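One structure is given below, represented as structure tokens, and several questions about it will come after.
For clarity, chains are labelled A, B, C and D in written order, and residue numbers in each chain start from 1.
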Amino acid sequence: MAMTGVLRPGFVQIRVMEMEPCLKHYRDLLGLVEVSREEGDKRVFLKAFDEFDRHSIILRQADEPGMDVMGFKVDSPETLADIKAKLIGEGIKVEDIPAGEQPGLGPRIRFVAPTGHHFDFYAEIEASDIGPMTKNPEIWHEPPRGMAAIRFDHCLLYGGDIDGTANIFRNLLNFRTTEIVYDEENKMTIAIFLTCSTKAHDVALVRHEADNKFHHCSFLVEDWNAIGHAADLMARYNVSVDIGPTRHGITRGQTIYFWDPSGNRNEVFAGGYSFYPDHPTRTWTADQTGKAIFYYEKELNETFLPVVT
Amino acid sequence: MAMTGVLRPGFVQIRVMEMEPCLKHYRDLLGLVEVSREEGDKRVFLKAFDEFDRHSIILRQADEPGMDVMGFKVDSPETLADIKAKLIGEGIKVEDIPAGEQPGLGPRIRFVAPTGHHFDFYAEIEASDIGPMTKNPEIWHEPPRGMAAIRFDHCLLYGGDIDGTANIFRNLLNFRTTEIVYDEENKMTIAIFLTCSTKAHDVALVRHEADNKFHHCSFLVEDWNAIGHAADLMARYNVSVDIGPTRHGITRGQTIYFWDPSGNRNEVFAGGYSFYPDHPTRTWTADQTGKAIFYYEKELNETFLPVVT
Amino acid sequence: MAMTGVLRPGFVQIRVMEMEPCLKHYRDLLGLVEVSREEGDKRVFLKAFDEFDRHSIILRQADEPGMDVMGFKVDSPETLADIKAKLIGEGIKVEDIPAGEQPGLGPRIRFVAPTGHHFDFYAEIEASDIGPMTKNPEIWHEPPRGMAAIRFDHCLLYGGDIDGTANIFRNLLNFRTTEIVYDEENKMTIAIFLTCSTKAHDVALVRHEADNKFHHCSFLVEDWNAIGHAADLMARYNVSVDIGPTRHGITRGQTIYFWDPSGNRNEVFAGGYSFYPDHPTRTWTADQTGKAIFYYEKELNETFLPVVT
Amino acid sequence: MAMTGVLRPGFVQIRVMEMEPCLKHYRDLLGLVEVSREEGDKRVFLKAFDEFDRHSIILRQADEPGMDVMGFKVDSPETLADIKAKLIGEGIKVEDIPAGEQPGLGPRIRFVAPTGHHFDFYAEIEASDIGPMTKNPEIWHEPPRGMAAIRFDHCLLYGGDIDGTANIFRNLLNFRTTEIVYDEENKMTIAIFLTCSTKAHDVALVRHEADNKFHHCSFLVEDWNAIGHAADLMARYNVSVDIGPTRHGITRGQTIYFWDPSGNRNEVFAGGYSFYPDHPTRTWTADQTGKAIFYYEKELNETFLPVVT
């Protein structure tokens, strides 16, 4: 078989404190499409223009920023049942979430990882009626707007026991490790990048004193030119920028980090390599962490490690 | 499991009539690296700068151009054995090729497809010692040269029973159909694009009166800018260009088609979408074939259909 | 003095047969801004986002396509008077057009060139109130739309006595010849490219059997990426494309030629070299005309020479 | 007349402390061509691939970094004589430098500006025999190497009486002010950008406590993609980077600042607007200096103001 099991990050639910400025940010600047709103605007569902599924970003009105949950789409209900069995078999508590908790989404299973993050898995979601065309398709319905985000791509999450969380993804969910930052002196993994596809990362983990922390969610854009256009938009419209345009050593992706109006970090990124299961894991030594993260600057900025939500 | 079975197109062996001009073409213009030569330069082995495997392009001295064989790398010897059993189970004759027929390559199995093409499968190939760096890696050893081909990407093959060949890839090898051009009037598939990964195509087939024909092998480049640079190099150094720079409707890839000095068609391409197994197959009607192939021109040029090797 | 006399092509007045589709073309696709309309929509005035002057493109409702007149802005009323005197001194008839024939435009002088084209010169035009910002300026007010045309850049005009027209520009208006295509056998200039600045061309002339013909007006876009985006928009919205994306040998500009709904040819172009008065004129021999015009294709298409308005 | 008088920055002579590492920097990384060396390698002359003149960058072996002199090419010996007369008429001391002090260069005049900088003017320099092709020209002889610097473009110089220096350029040499940073509170100009062409700057001045200081010399590259490639090369080969990739508010240019091995600051830049003499000067208030200099970061880094050579 070719591509099976867990397919990709399917959604992320993010907490925002003021819905309208955040909607403006994700919809008008990142270029996402607003799909639907819950009563009272408690949650707003959005998608990127090139995604087939109904939605991929959920903004939830809350008192503090952060990530509620990251969801992965799997290839079939059988896989979903299989994952559930494997998790339970390892003594991991699995929660069943019935279809409909999100509009259009089928039944989910959820587990809380050793780092405190909530991960969901599901096999079914409604197809978007504004997804890519499939019959004599144009390249897009309308020209992408704003930063022209192609898809929700991955999350970087901070927490304590990143080895524990990574092992679940690797051993039970068949993710591969694409890159790792390892502190030889303290025999400690500092960062782990994991993939379930040929992407350089579908989810990544960084060791941190506090659990269940959200570093950023990332959106794919077309290329370095799109990174430049995103930088122009951020400057013009006073988006708070963390760092960039720059390039990562890890993944080789070209990137800008910035904040949404509620303080959640976003990334737009482009490029990077394709990873196949027969490829070796790339490793970085702790003293090269700066270059690993920011290939151009060769050192961390003041915010990369401490500022999370 | 995430990404299993057949991983990717691993090599293509191409017949060339004059080795030195062709080497100059593939090495100095496309930017491939020459890895080794057989005695008497009967075959020369090359690779792209961003590939981990020992080689991916084999030029064989011959009396006429064309493709000898396209090889796919699989994830394990077990998969290789499994594929062999499945093929035999379907009554397809499988040839065993012992390790060493190509330097550094492990044992292969080969079958001849209904369209007459030779397809090889193998699980083992030596790692290149000039592949991507893996310890505190730089983005490349040296700046990529020429057109900066990132990898051998896919082939487009012409033959009669493309449904027969496609069915082997789909049913026995678990490839997915990403796009199809279908002639409703004659109830006939004109073209099929198949993937074993998230690429928009790993191999593609077009219906043709003659079997075992080679339309082109394709090399990935970074982006539209790299396509432009490739066009500059072709113009400056009098490479014979078929068409481009343009964009495909199918795959949405940006592209130039051109010929090597022996008349084999090459492609450099960039962009296009990612395909996941839950994505629908895109379909084109026969009357939209022009737009499907050349999105900008909306019609075929004089060479796309008839000129093959 | 540094940059004096004739500054640049300031406007072009184009005849269109159906105003609304053409407006949609120039405004929504090319990305120009509609500035004002004459009563009865006899003429509509537009400008590019990065121009300071009130307008630069005038569409005039007419029965057939073509160019009415191309206008050049000069640096002062003194220069205008000086040009008038020089033209009259050479026996060229000069028409005075009073201020206000176009809204916001000062007094003009006009002469009809040996090739039959009407050329206007003026020193004064109202500043646009949506021109580039000048106090703590943002890079733009709003992100440029559509093909993001930066400015009206130049025209290519066809006619008989191109040497006669060129000589007026060279001898009386101090334009320089940047490139020339010369037919040695017939001792005849085929094409002349002229500049009054450091651009590779401000106006260009091609020898043709009929006088007063309009080949195209050209709009500058940012770079090769913008050319690609323009190609996508043309394909998506069924703009009739003449040729491209490609590159010119002459000027080295990257280009697409296409038609407005009334059959006038437009160009979007990017790149090319800067020309200084001490630079040599580049020359092309007649047998290299194909490569001179289309550097990638190395031959003319069927429309470049015969199709004009 | 169209483009007259002072044409452009023609050369800059830079002091370097170790010639070979600097040559490697300017030649192999920036992509300049080494033209000639003086006996004992006291000076090495280089040029960019797209320049017609013999050389444009001179590296002089010295004990400390900095700029010896910036030279401007004028359009004729008559202009040179005229400039000399004007300078003398204003009581400015003019030094005559005979032809041959630099190989291939004609007679020069030199004055020392109020800010202490040496400025040369000359009308004649040998044409390079590896300049751009002019007969049926290819776009380049060989693909540009390294960062693919197109030309030496401008210098930014620091000193005390920048108004005095600017006035000479404006009043005697007919330069125009494209942008200015003005401190309203202290009634003081902080920075002035001057052009003798349609470039956004040919020379720029920043107020500083010490005279005759060199902030950077700048090289034009093709576009944002070239900026990205330059950043990759700097990171890969450990070039010391000041800031970037980023964009300037002033000029809108896309940029990276970095240091040569002797501590002289270089810039590669792309983009920005064209400036015509009828365009208004853009003005920045002192409180917006950060955004004026670094449009993305909106604040100065620690080195922009204090670090000069």
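Basically, a contact is a pair of C-beta atoms (placed from the backbone, for glycine too) under 8 Å apart; a residue touches a chain by one contact, two chains touch by 3 or more.
Bear in mind that the values here come from a model prediction, so they are computed numbers and not experimental data.
**Student:** Comparing centres built from CA atoms, which chain ends up most distant from chain B?
**Tutor:** The most distant chain relative to chain B turns out to be D.
**Student:** Would you say A-D or A-C is joined by more C-beta pairs in contact?
**Tutor:** A-D
**Student:** Express in whole angstrom the distance between the two chain centres, defined as the mean CA positions of chain A and chain C.
**Tutor:** Taking the average C-alpha coordinate of chain A and of chain C, the gap between them is 48 Å.
**Student:** Once you find the CA centre of chain A and the CA centre of chain B, what distance in Å lies between them?
**Tutor:** Going by mean C-alpha positions, chain A sits 31 Å from chain B.
**Student:** From the mean C-alpha coordinate of chain A to that of chain D, what's the distance rounded to whole Å?
**Tutor:** Between these chains, centre-to-centre, one finds 44 Å.
**Student:** Give the residues of chain A that touch two or more other chains, as numbers and ranges in rising order.
**Tutor:** In chain A, 139, 223-225, 232, 235, 247, 295 touch at least two other chains.
**Student:** Tell me, which parts of chain C touch chain D in their complex?
**Tutor:** Per the touch definition, chain C meets chain D at residues 1-8, 50, 52, 73, 75, 127, 132-137, 139, 151, 173-176, 195-199, 222-225, 247, 249, 252, 271, 273-274, 276-285, 288, 291-292, 295.
**Student:** In the complex of these two chains, what residues of chain A are touching chain D?
**Tutor:** It comes out as residues 224-225, 228, 231-232, 234-235, 241, 245-247, 254, 295-298.
**Student:** List the residues on chain C that touch chain A in their complex, please.
**Tutor:** 138-140, 143, 223, 225, 232-233, 235-236
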